[in-house]
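As written, the chain order gives the labels A, B, C and D, with residue 1 at the start of each chain.
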Amino acid sequence: MKPETTPADRTFTGGMWTFGRIIDRYATDGYGPNVPTLRAIELAAASGQLVGLDLNYPFDGDVTVEDVGKALTAHGLSAVNITPVIYDRGFRSGSFTSADTSARRRAVELAHESVDVAARLGARYVKFWPGQDGYDYPFQVDYADLRRHAIEGIRDVARNFPDVTFAIEYKLKEPRNRLFWSTAATSLLAIEQMGVDNVGLVVDFGHSLFAKENPAEVLTLAHSMGRLVDIELDDNYREWDDDLTAGSLHLVETLEFLHVVRQIGWDQPLKLDLFPYREDPADAVRESVATLRALEDKAARLPLPELRAAQSAHDAMAVQRIVRTALLG
Amino acid sequence: MKPETTPADRTFTGGMWTFGRIIDRYATDGYGPNVPTLRAIELAAASGQLVGLDLNYPFDGDVTVEDVGKALTAHGLSAVNITPVIYDRGFRSGSFTSADTSARRRAVELAHESVDVAARLGARYVKFWPGQDGYDYPFQVDYADLRRHAIEGIRDVARNFPDVTFAIEYKLKEPRNRLFWSTAATSLLAIEQMGVDNVGLVVDFGHSLFAKENPAEVLTLAHSMGRLVDIELDDNYREWDDDLTAGSLHLVETLEFLHVVRQIGWDQPLKLDLFPYREDPADAVRESVATLRALEDKAARLPLPELRAAQSAHDAMAVQRIVRTALLG
Amino acid sequence: MKPETTPADRTFTGGMWTFGRIIDRYATDGYGPNVPTLRAIELAAASGQLVGLDLNYPFDGDVTVEDVGKALTAHGLSAVNITPVIYDRGFRSGSFTSADTSARRRAVELAHESVDVAARLGARYVKFWPGQDGYDYPFQVDYADLRRHAIEGIRDVARNFPDVTFAIEYKLKEPRNRLFWSTAATSLLAIEQMGVDNVGLVVDFGHSLFAKENPAEVLTLAHSMGRLVDIELDDNYREWDDDLTAGSLHLVETLEFLHVVRQIGWDQPLKLDLFPYREDPADAVRESVATLRALEDKAARLPLPELRAAQSAHDAMAVQRIVRTALLG
Amino acid sequence: MKPETTPADRTFTGGMWTFGRIIDRYATDGYGPNVPTLRAIELAAASGQLVGLDLNYPFDGDVTVEDVGKALTAHGLSAVNITPVIYDRGFRSGSFTSADTSARRRAVELAHESVDVAARLGARYVKFWPGQDGYDYPFQVDYADLRRHAIEGIRDVARNFPDVTFAIEYKLKEPRNRLFWSTAATSLLAIEQMGVDNVGLVVDFGHSLFAKENPAEVLTLAHSMGRLVDIELDDNYREWDDDLTAGSLHLVETLEFLHVVRQIGWDQPLKLDLFPYREDPADAVRESVATLRALEDKAARLPLPELRAAQSAHDAMAVQRIVRTALLG
């Protein structure tokens, strides 16, 4: 096991979308003004909390990769990963699994471009979030076909770039009513069937709650299989991907998640995946970071021998006492 | 009890939004092209299935009430109701319950305008769907204040127009994580506390499923209290307001709902509330109408004496046999 | 508003069932040995945390009301309330709403007996938990009939004893798939329709989570209507009535609930509703009390003027900062 | 692909528990009288619908394997599979994953005995339903340990009997709040990691709904991996394992499931997993079988070329039209 990162050393990254204009089906004119790519980078930096960004690609308008690179450098931010936008109108019925071969081809092309952009910006990996890949109604698709396209599409990209790391971020649903890459286990099983070494998983705390998983359990699993590529934090009411500030609701589960983060020796930054519809994004980031730092500090002080002993006995009340004492004093 | 509408006489209305451009937080450029108000009316008429529309107000761009009135007439459609848009960016933190007094005032003004528009278009009622009225985080609001604003805001509008019918469409959540007007009972209780006669409820089948209610039960309740103003149909997976085509998932519950529709002697059209993100809206309407007509036909042929006898005995298996025979032959 | 109870003064009560034998459909031989009524009282007292008990009636075997009274006195416990067992095999298809008139009559008789037992033991109220009153399948019951029986059954008992306080404990479901007394608003609306002054509500934190409510919001509502009779605490995963130890999962929501408990000047004990299937009951009670005391202490130190200002502005991030500081330091 | 079973040929099996005494945590004296093993077999046969039984082992009291075998023969029933009772009080904190080595050892012993019983009764497989294997609270267990015990425990049994078929029936939760064998993908992934050929999956329609899966999709997956051992049918409200009669709620999803059953050439009987708490078990079985026969008949008449064309295009509305026509005429 790697030496543990101390809570004081912990750094954080964020999604560029957190600082952009958020829209939904009711506020179709957006919850705030339009925010161009370079302005979003500036806002991210101004939060004073982040060391890097998850960047959706393509960028808007005339912004070039060089422009983005310079803006990141100027603001002391790194590119964590590139996330090709395979979930907008152009892919409204799927990307790698679309019934439309031209959409599948465009997904591949965009993935290839993203590999290039990632290389030029020094990003650690390329992330697929196939939010339109799935279906809405019973009987709508042939499940074997859907599975084949989902697995082969990403496999082919990964084989083309054996030295590049790819990661899949699963989510139970939204915008499709059912996504193919729905849960950690579904995704890990499909990745195993893919038969490549350079595709792994992003475990998003909120997506895990939404999938009715225990986030700490699936984090352990993804790590044990050598498939953990990145970790994202946020919170929700377990029934939707609300993308609330980290630790705003599930303090105990977030503490447990951070405990596993420490146990597995995670030495990368933790990423925030927030959608502050009505809040100032920098405020949302600061609140999340403050909560996570406080919780990680408490995680660092958990009495590990006692905790392990209680866990070995599956002793819920002993564990509870330890956790309560750590959290509430 | 009023004489029952025969299934063959049943007519349908729809939401104008079904024919408009649908956007969400990922396909921020929309799932289809922009659709101006008058074009949406044209498309609604072209579906060949509807006799009237639920109209969001304000209309877009320079379109006047006269323009809309002429378009409706030209296409043989009526205005069912006016729904003031109190849930877009201007009301992103609430309408009647906003912390911002100017937002509350604008909500009232828009409500008043909507009353005028309804009168000019011959609409039966004004509908409030307060989708931004609620909160996202624990502790965010003082619940007594929120309740007071929610009830008094609509009460004051209703008192100003004692001869106008108003209706509230409840939903558990979205876009706020928690809405004040969340369930049928919450809304009926608040309406009773409002102390006015001209405010009632829209029961939306899908919202009811989403609220963990049984739609047929709350339809019975709203009717028994004299508060039922309109009925909307759609479907979902019980966990979100998916707005799928009516009867696409919950055939038994939709049949039961239509059975109650008949029992209470509902002689108004039934309204469709659909969001066909990736489908042709006219197709979605046609499929919904075809399914509802088929189900209402089956509802009309339920052997009522046997059904009532089985229900009096709470005999689940006898009821099941009757329903199965009606549905599957 | 009454003077606030200080956290140090707070006392706790519990359900007798917490100390009894717990059974479910798999461990039909129980999760532990049989525990007769008097032994359960002894165990409750031995936890050292409780001042009173919610007592299911009838008691087992030959145990008399006198026996129970003596045992309570001997152990320094009070009878908080009597809960007639209208949810066992004898009422498997409902109590006040049963299709079987003899079951309805037995429910009334048992309610009357419970009033007498409550008087003899000095209990503050009689609690109805109509867990078998509802239905399992669509079409199974006539909803108007069900509602009439549910409301009139309890109304008639309440009218017979105008000086006795009755309370209804709602739950969304279990053991029936759908209960009539399902949510706070459903129950408050039905109680209003009942037209009596001496029937109110028990707000159980876990039942409220399970009903997709915000517990602090419905506590505020029940209190504002003068219908709050008792408060119960526990925790769950929002999808079932897990009856886990209080504060084990929802620390923020429990803190907010306790904040409202203080704001409304609640000066009665707080009751625990736990089902420690695999844990020592006294441990579960101790852990719950320790967590609740810690949280109430934090609630007592919330900076109220700042909190109220943030709530007036619906400022989620300001509220978050206040809550985080209070909880995590 | 095997030749398809015609709907008229379809046979059904059932769980012995459907005919036994059902108990829950409220009706601790049972929803009906005690039903000894041999009487349950008699009742199952008397339903006139079943050709075989899923048998929980150990049997009650003095009943021997010979007694059971004779009773089955006398009533023309086969033993489908043996299900060792690794989920009662003796295993209240887990079977193969228990913290208690003696419980783990007893689970192994019971598994070995079940293999023997299966052989003597001619059962096709031994089924594990590890309903107590999991945890209730965050932090309660070390997830890597839990996983190791879960996988190795069953692997060791399977290796001891390479010619015997074993199957795991997954469920999201109940009685534990979280089960290790929670979803189809979780289980298939763990089975792959087990590295044995003779362990597969039971896909239970209701468990799949409860796990937020689409049953038809996971049935396709389990079959494609060569891991499908048996299929069970029932229904629920998607939020709990209600074990209602098959097809009582989800007609469309059940139709789709039966369509896949046909597509994969399933030539074994379909098993019913019902808990008729308040209903006559034979009635519940008859209603389920009648509904499944009606649906399978409709599935057999789906116009496959049109359906496949619509599915290839992911055309939800075309699919809907086909399904509606098949179901409702």
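We adopt the following convention: a residue touches a chain if its C-beta (ideal position, glycine included) is under 8 Å from a C-beta of that chain, and two chains touch if they have at least 3 such contacts.
Values in this document were obtained by computation on a predicted structure and should not be read as measured data.
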Which contact partners do subunit A and subunit D have in common?
B, C
Most widely separated chain from subunit A, with each centre as the mean of CA atoms:
C
Once subunit B is fitted to subunit D on CA atoms, what angle does the rotation have, in steps of 5 degrees?
180
Taking each chain's mean CA coordinate, subunit A and subunit C are separated, in whole Å, by 40
Where the centres are mean C-alpha positions, what is the separation of subunit A from subunit B, in Å?
36
If a residue has to touch 2 or more other chains to count, which residues of subunit C qualify?
93, 136-138, 237, 239, 245, 248-249, 252-253, 278, 316, 320
Parts of subunit A lying in touch with subunit D, wherever the complex brings them together:
93-94, 98-99, 135-145, 147, 172, 178, 183, 185-186, 188-189, 192, 211-212, 214, 216-217, 220-221, 224, 252-253, 255-256, 259-260, 307-308, 311-316, 319-320, 322-323
Which part of subunit D faces subunit B closely enough to touch in the complex?
237-239, 245, 247-253, 278-280, 283-284, 287, 290-291, 294-295, 298, 316-317, 320-321, 324, 327-329
Which stretch or stretches of subunit B touch subunit A in the complex?
21-32, 87-89, 92-93, 131-132, 136-138, 173-175, 177, 237, 239-240, 242, 244-245, 248-249, 275, 277-278
